[in-house]
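In the two assemblies presented below, subunit A is common to both, partnered first by subunit B and then by subunit C.
Showing the complex of A and B:
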């Protein structure tokens, strides 16, 4: 049994050699490209994960060389091990694409589609999935299931309405954080991720649930509403951390570190888990040794805004304009023309009061980062420690 | 007259207690089995052609022979008594009146499979039956049929009863095992199958109550003789729990040689439909199986009489057939509304979906909402097609068969009763006041084949 065997698998007419015990999904990832089924709940580094979301369904046209019968149903590629001589159809089978389209529709019927105000937007697996595999519109005409927002301690906010119940955070808490304080309550379409008796999640590795969450259900309270991810520049950095490896990715805007996450590979999976201190407490450039910009290979908008591969237009503006110089069309000014408020003086979000002769006042939607816990009815958050 | 095998002694007063059961020939099969080798017992069950009575109808002997037998690892037998399918109540009857028949069957099966700790996972609502079983197990322990060194064979076996917490999904075998382990009752992803990795990652066989009880007569009369009862591959007797619009609701033991028509109309069984009403539809195997209109209930698409067997009920596949399922026989007369009936099933499956995989979690709720709209006069024509599309995207794409079970009744209702759905959409106000009635269903019209 111990000898290393390799199996030949054919996925969408491309044959690849993989080790025995590999799943179809991993074999497809070895090939890469379009034949890789999408995965919303499977996570390579989490044992027992996968099989729930059903987006990775494929058809097995031949089980193996020894038993070439096809499998009667579509199978979840993330949990089905390959056999020698297995023939798999993914994008070459219209039934698979149709089933996947159905699954995407199911996942979206209770999803609030609040991407414009969701912090995950831009790096959201569900956005990518529905863009790549979904229909243009939903046929669902009923009220969507909603939940209250819950602050799980000072760092994590749970917005269950957006959750697709992938169970990744449950496995992360089990296998990475070591002490699980949350789980799935209830059943069916009213099942929810919850702590049962509302309390905070306070394990020192629990912040990783934010990284594994494929949607915006678990968000970083130190980053909420601070910026859109596509405006921030990913940078690889590290520090000597006594708890974890300290290898992280900083998301910067200018000189500000807005967010710290673990490094993710091309499938959006965390390479090395990081601790809460690195993730939530170290928000200064001086805390980190910066290695250089990250190149994000993935398809979504976070891959915009790189420092590398910058394309310059072939023609310059003046060439298009026949040698004319562009006229300045809009004057961007420092002082409000309405009531002469110096715009540079405003700190934090501006409100009506700011322009009402009290230019130093800014929006008071700041909760104390260390004490917030429990229900968050206003839905406000932002725990912006930099605002006064 | 059908032969009674399982319920042969049900009329004897006090049969629930060990002494009466023993006096009336009880535990004779156990005595016989312990003189045989374990492999011979499995062989007898294989020969009998016994098929799982829980719904899928998988041959029991084959299931037993799949059980992995690694050295030094315990094996478990689990009895699935989580009978929660709407319309099915045969196991309840069996356990309530003949608890020792189940204990005896479990003992023989445990011996055959080498399970020293055997569990009965009983539906949470059957609280009083748990007490009955506990008492029966205590009696069997005192009589030496359970415990250490049973009948001097050196085989130890103990049976434990575990009550569920009221979840239909825990009747699915892997969800049952999860629940038995004290976890959330979510079905596991297969493979690995329980025969390889089941309870506490050990090889496990999960069987229905009726299946295990049927092992007793198989050992007593021999597998050969048992296989001669019934038609074709539907061997032995089957308990049918009949309910709905019939004169005599109850649990009947049939030997799978009678026709559906005889079962519904004969005085020996259901005794016909009350008040001289006509048959409209029938669900022959519990709420999960496709509903059949009257003409297809009595005759197959080929025009042959439909028999109460696994094969005949499934004749024609899903377009014109149904399934034996768990034997929950539900009869609908001409006053019943198929849309309302489908809605109530959809509500059940929505409530019972475990929420683990997305098609079932989201799709069951969606179907219920659409059916609710149609039933309450807010439906549109496109909703019917949408409903069909949703069910087709749930079926076959889920982890466990609950998704299929939720999709099939909706699919069959639309397939056979589409004009009733359309009537609901077109006459919303009338539909609130009266039922669609019989229309043409009871007429022996030609059925389009294929």
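Showing the complex of A and C:
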């Protein structure tokens, strides 16, 4: 076993050579395309992640050349290493697709249908997964598990109701931030991500939990409700940061940087972790050196903006009118009441007052556990069971 | 040169005496004109009389409220995304405590604008809306002397509160759906 061996593995009738110890999921990603099983909890850059969500289930039709018996049950491809001569069925096996549909239904049992409110909508893994693999309607008739929304420090907001317990944020806090104050408490249906004695998370890399969260459970408070993801323009940028590499993706509206995230690869995984200062504090274009627009997959809703190859049409009016200027011209910005507030300059979500004469005001932390403010018990949001 | 076989040569015969009198042809034409006086009129006096709209007519937009008078729109942006004319823009805000009777959801549209100069009344916004918040009513979009008047904000679009102004609410809701078979 001393020499490095490559294993031949066949996934959906496509054969690929991979190193020993590779998981089925990584082998499938090496092939790419439709045969890659979706993953909600597995994250390449986080050790020990995977194995919780069961969306990456595949069937192993033949274990290996030495022992070609099929595996009795569907296996989680993110946790199963390949063997030489293994034959895997993913989208070619209807039983796998059926099982995945069931898994999606289970994941959605307690997930609220608040995508219109959720800031993750448009780049949500669960949204994509349920669109591609799920059923149209739910069969669940009982009361859903609900929690109050909690602010974990000034920057991060936790909507526990949306959480699917993938443990990614726990591993991120352990392995990237190096100092974990939150974890999964309780068991079964009661389990929740929480900081036990209302500890806030302050580590300069803790903002990465927002990026790894596959749903909208952990969201950026500085971006809260400022815009929809698909109306913001993704741009690759970098800066000289003393703590991290400073390579980020800016989400801009006009010249306003509304949000900063880490760059993600084609599997939706962060390429390089970024620090809190880059993520939350640098919301001006002058802070960044912009490399160019991000390439967005054309199937993504974010590509609806067509931000690459913008062609501005020529103004033909004066050419047609022999050099005359139009006598009456309405500039939409004189009339429109939208886009008058610099949303990137306020720290939290905009409120009614922000748009009515007080452009620097922002929403207060209803449950800021860092400053010790009281928890939101009045039921003022949709995540609370008392409000419809 | 004859291009096709269908072309006909124009007859240029001199007119007969009957034709040269002109009056018979004039009376013939006038008879047709007078006969229309006794037929059913195809036109109506518009502002006083109005024709019934088709059940699928798409007119002026409204932003809906629920039974308690709270705004339904949550500024999800799907109408703006669906809009082929890019007429809709909005800005979202967070509902603060004390505003629960104004807005239905945690997030609401603080500003909502439809550029009626761009709108093509296709109804895709109505179709896209997940919250039943935007509807196209059976009202014509009114004319205006300036283009500025066609930028409709929330004041122009929002339906009257059903508790404070039930008549205005019923009027804004219109007759849509009532004549459905």
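Note that in this section the second predicted complex is superposed on the first by the 302 of 388 C-alpha atoms of A that agree within 3 Å, B and C clash if a C-alpha of one lies under 4 Å from a C-alpha of the other, contacts with A are read in each partner's own complex, and residues count from 1 in each chain.
The working rule: contacts are C-beta pairs under 8 Å (C-beta built on N, C-alpha and C of every residue); 3 or more make two chains touch, one makes a residue touch a chain.
Please read all numbers here as calculations on a predicted model, not as lab measurements.
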Which superposed partner A:352 touches (first subunit B, second subunit C, both, neither): second
Which superposed partner A:224 touches (first subunit B, second subunit C, both, neither): second
Which of subunit B and subunit C A:139 touches, first, second, both or neither: first
First (subunit B), second (subunit C), both or neither touched by A:147: neither
First (subunit B), second (subunit C), both or neither touched by A:267: neither
Touch list for subunit A against partner subunit B, complex: 50-55, 57, 73-74, 76, 79, 98-99, 102-103, 105-107, 109-110, 139-140, 142, 164-165, 167, 183-184, 186-191
Touch list for subunit B against partner subunit A, complex: 167, 169, 184, 189, 350-359, 361-366, 369, 386, 389-390, 393, 396-399
In the complex, subunit C residues that touch subunit A: 74-78, 80-81, 89-97, 99-100, 104-107, 110-111, 113, 115, 130-131, 146-148, 151, 153
Subunit A to subunit C touching residues, read off their complex: 114-117, 121, 224-228, 230-231, 301, 304, 330, 332, 334-339, 341, 348-352, 354-355, 363-364, 366, 376, 378, 380-383, 387-388
